[in-house]
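Each chain carries a letter (A, B, C and D) given by its place in the written order, and its residues are counted from 1.
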Amino acid sequence: MKFYKQKNPKSSLIAETDGSYYNLTAARSRVKELKELFRASELSGIKLSDLTEQIIYEEGTPNVNLLPDQLEIPFSPDEVWAAGVTYKISEEARQRESEMSEIYLDIYESKRPELFLKATPSRVVGPNDPIGVREDSEWNVPEPELGLVLYKDELIGYTVGNDVSSRSIEGSNPLYLPQAKVYNRSCAIGPSFLYSDQLEPYNFEISMEILRDGISVYEGLTSTNQLNRSFDELIEYMSKSNILNDLTVLLTGTSLVPPDEFDLKDGDVVNITIEGIGTLTNPVVSV
Amino acid sequence: MKFYKQKNPKSSLIAETDGSYYNLTAARSRVKELKELFRASELSGIKLSDLTEQIIYEEGTPNVNLLPDQLEIPFSPDEVWAAGVTYKISEEARQRESEMSEIYLDIYESKRPELFLKATPSRVVGPNDPIGVREDSEWNVPEPELGLVLYKDELIGYTVGNDVSSRSIEGSNPLYLPQAKVYNRSCAIGPSFLYSDQLEPYNFEISMEILRDGISVYEGLTSTNQLNRSFDELIEYMSKSNILNDLTVLLTGTSLVPPDEFDLKDGDVVNITIEGIGTLTNPVVSV
Amino acid sequence: MKFYKQKNPKSSLIAETDGSYYNLTAARSRVKELKELFRASELSGIKLSDLTEQIIYEEGTPNVNLLPDQLEIPFSPDEVWAAGVTYKISEEARQRESEMSEIYLDIYESKRPELFLKATPSRVVGPNDPIGVREDSEWNVPEPELGLVLYKDELIGYTVGNDVSSRSIEGSNPLYLPQAKVYNRSCAIGPSFLYSDQLEPYNFEISMEILRDGISVYEGLTSTNQLNRSFDELIEYMSKSNILNDLTVLLTGTSLVPPDEFDLKDGDVVNITIEGIGTLTNPVVSV
Amino acid sequence: MKFYKQKNPKSSLIAETDGSYYNLTAARSRVKELKELFRASELSGIKLSDLTEQIIYEEGTPNVNLLPDQLEIPFSPDEVWAAGVTYKISEEARQRESEMSEIYLDIYESKRPELFLKATPSRVVGPNDPIGVREDSEWNVPEPELGLVLYKDELIGYTVGNDVSSRSIEGSNPLYLPQAKVYNRSCAIGPSFLYSDQLEPYNFEISMEILRDGISVYEGLTSTNQLNRSFDELIEYMSKSNILNDLTVLLTGTSLVPPDEFDLKDGDVVNITIEGIGTLTNPVVSV
């Protein structure tokens, strides 16, 4: 079951099931935010999907059309965390690595993953909203990632995330990582929240296409089956000595890297598609 | 002029001027949070100190006693950022540096300072509240720092800050910095907010004392005149491509470093004193 | 099942079932307000009592002691409405009526009940908090009443209410009714919220005792079986052309009237007991 | 100086001075609600108009066009109170009065005015929003009134108000007054908030026109110089034993009464104009 927020009719929460879309905000119980369903599911012990179906079928919840260009952020996470160096690195790639990146290889081989606080609410945008590239950075890239959605400390579903980054700033010194990662419009999530308690999470296919002047200038494809870390270990380490807020997104790292000569620019459009979740589309602006 | 929040009488905002303490929450206009004064000062164009004196003298604001063990966090910052490698490093210290710390020397010599998002509201504690040391870290330290207080993007005053850190986690890989810095109870600020539009900010004397079983196990003293970065440049870089929230604290880095064999432990008490602001006292707990 | 809020431990929501008290705020899901349970019950379709028992038994919810003098208002209603002239009037009483009270007899015989907006949140107090008598009124009385609790437009339970009133102001002109009824501290509710979907609501025994200098100066007893209006008709009329807020209390009128020479005074204490709900105790202050 | 809220650009607060309109929400300090200015004026001791001019002239506040059909409620009052029987009654009118209305004549001659809690936020609409007539009432009327705006307990300005009422319900019994007055969409205020510390408030000209199918079916004109009560006495009585919220509107009663055969109906449009404040336009719906 998937959930969306849509601007028309006025900020509606929409559930998709069996190919139909239902406006939960127009249901008798007027559910406005996913957080309300997460809380009701927690308190009642009823699975989110069963709870939602009950609302759909017992409250005469009206059907709506999904309007992809009217989508908003499906829920507002209290925080977005992100992980790095999580995908398998080929032997060949390792050979190519320069001295600098020993730091990355060390992460790759260490028990503790790389994790960082990626964004607070004012820095996260939803579908169709512009993502930002830093004006003081010469080399910027999108990072298409599967986002784990946690309610309190429990994994309850998935979304698509874009961990936009300055490669030049991070590249010049690893202690600059937070500046390369945390800035205005540096994170996008959406288009949907995919609820699941039985998916095979290591089989998500992730693709990215970047358009410049309407022409595709990058296309790439990967799968979460190439991950070198389990979600459990990422969540375990993020939660160590750390009390999570009610709603956290954990971006699980990227393995789709445009060629070194590619620099994301104002006016580009980034489409990230994860099968079963949807396509997260964001234009790019300089910030 | 200094401001405090005190638990008794019930969560009062207190202004200190000319050695007297006034309970602004008991004034006719019932000011509960510093944010209200910041906003009124912004909208009226009247200096915060003049505005506050007006409230004190025209509203018959009652005097109170300051009760140091009843102090709360003086204001709730939307975010705390922090800087590293900001103090002068002696030639001798540089010689001692190992290969690993070339990364730090590089920061020292670069135009761009080291800056990171240190804490969100749920991770910041006030005076007398416990600060945390990570259970999964073998080596933990307090970092006593002058905190710049920004309203929107303007420097409006100062506070004392403690940027509690895991030295072992940061030390094992610089990409672990966020994990060494951002965790439960990893930041303290207080005891007061010092308003000033004419202080000499490079003359703050900072001292730290650490008590174990009531006995002093560390004492150190430094001054902001040892800074190698100006506050302006720290604020400038923090604000680049970054929209600040209403209320930000920027911790300006530390130069008081206990000896390598010192590890901050559950049960210790850390006192950080900055002349003119006060002493920030926090017991330590494992988190 | 009954619910309370208690100041110690810090503002806890407590459920009473089978003679035991459980601190829902200390349960794993940390329920702070009854409103959260009402919403979860609405969305899940699970009865409030079943939902609560599930939280109690599956989350290891701790037992607590109920401390009657530590009770707070059990929930904060968005509005309190009240009804008048709802109890049976004896033939004898009717004979005694003066010309003035034809207005009341007319209400008694009319289809439409007397209903009015009694209090907004800032005017409602909980157990042990002072209720107010108007300084500009010579004759004040408590009115002990059964309170219906509505979530949206559904009756979900009961509480005890005190519709404190100025008899002299109302008596001098019926158009002064709102001034006789709506003022500072003019309404009390508590001590508990009694949930029920199967009570016999016309069998609540209501008693009131008023203490002056610790001595009982009034005692009275009645029952909701003396009502001349059904709850359904009161709710129906209150809801006509009126969109209720999420949480409304409807006080159902009084039939316990102290003798005409009785005037409620600053320093008195009013105890109203409804069997099965508890005793609502409030001292009296002049306002 | 007058203030408006306008839907486009997105919920903007607009100040009118010297015939120009300024978008305070687009000023550097981004003022979104009048309440922010009221608070800043209170804390700074600067008059609201001076404070606003300072924002306009020192922050480069942009000009906008006023779009009358895009106006929203200029501020959201915590409560609306209303007064009745406040205008002079001619000797002739008194002769006509039936027995029933002795109650009204008694109010007219009494020291204590008629005052009642007219509306809570969910029942108040702004310009262009529909006002309601009760479906269960045969005879409904608009009541055009000058609204006093109080910040805490101080009169700070004026607005236009419509105290829509059911004459048949009130007429059948004076104790039904609250039902005749308090219901869904029973109150409108707007289009502007007129700030003033030096107006002659007893010289406001109030006119009303009611349109049915686009044709004027009622026109009337009166002036606050016909009032039989001073604003001071109305405010004094409303504040007795009553703690006002931050923002209260007090509607000062009506003297424009359509003829007895006139019944306000679904589809009508009511225009109330007070010179110097503007025209409050509301279509009528059955509720």
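Note that in this section a contact is a pair of C-beta atoms (placed from the backbone, for glycine too) under 8 Å apart; a residue touches a chain by one contact, two chains touch by 3 or more.
What you see is a predicted model; the values in this text were computed from it and never measured.
Peer 1: Any chains in contact with both chain A and chain B?
Peer 2: Shared contacts of chain A and chain B: no chain.
Peer 1: If you list every residue number at the chain A and chain C contact, are more than half found on both copies (same) or fewer than half (different)?
Peer 2: Shared-number fraction above one half, so same.
Peer 1: As a quick test, compute the distance in whole Å between the mean CA positions of chain C and chain D.
Peer 2: From the centre of chain C to the centre of chain D is 33 Å.
Peer 1: Approximately how many whole Å separate the CA-defined centres of chain A and chain D?
Peer 2: Here chain A and chain D have centroids separated by 49 Å.
Peer 1: Quick check: what residues of chain A touch more than one other chain, meaning two or more?
Peer 2: Within chain A, no residue contacts more than one other chain.
Peer 1: Are the chains arranged, by touching, as a line, ring, star, complete graph, or other?
Peer 2: Chain contacts: single closed ring, each chain with exactly two partners.
Peer 1: Can you name every chain pair that touches?
Peer 2: Touching chain pairs, listed by label, are A-B, A-C, B-D, C-D.
Peer 1: Touching residues of chain D toward chain B in the complex: what are they?
Peer 2: Residues 29, 31, 36-37, 39-46, 51, 54-55, 58.
Peer 1: Looking at the complex, which residues from chain C come into contact with chain D?
Peer 2: That would be residues 79, 84-85, 103-104, 106-107, 110, 112, 114-117, 120, 122, 132, 134-137, 169, 172-179, 182-184, 237, 240-243, 245, 287 of chain C.
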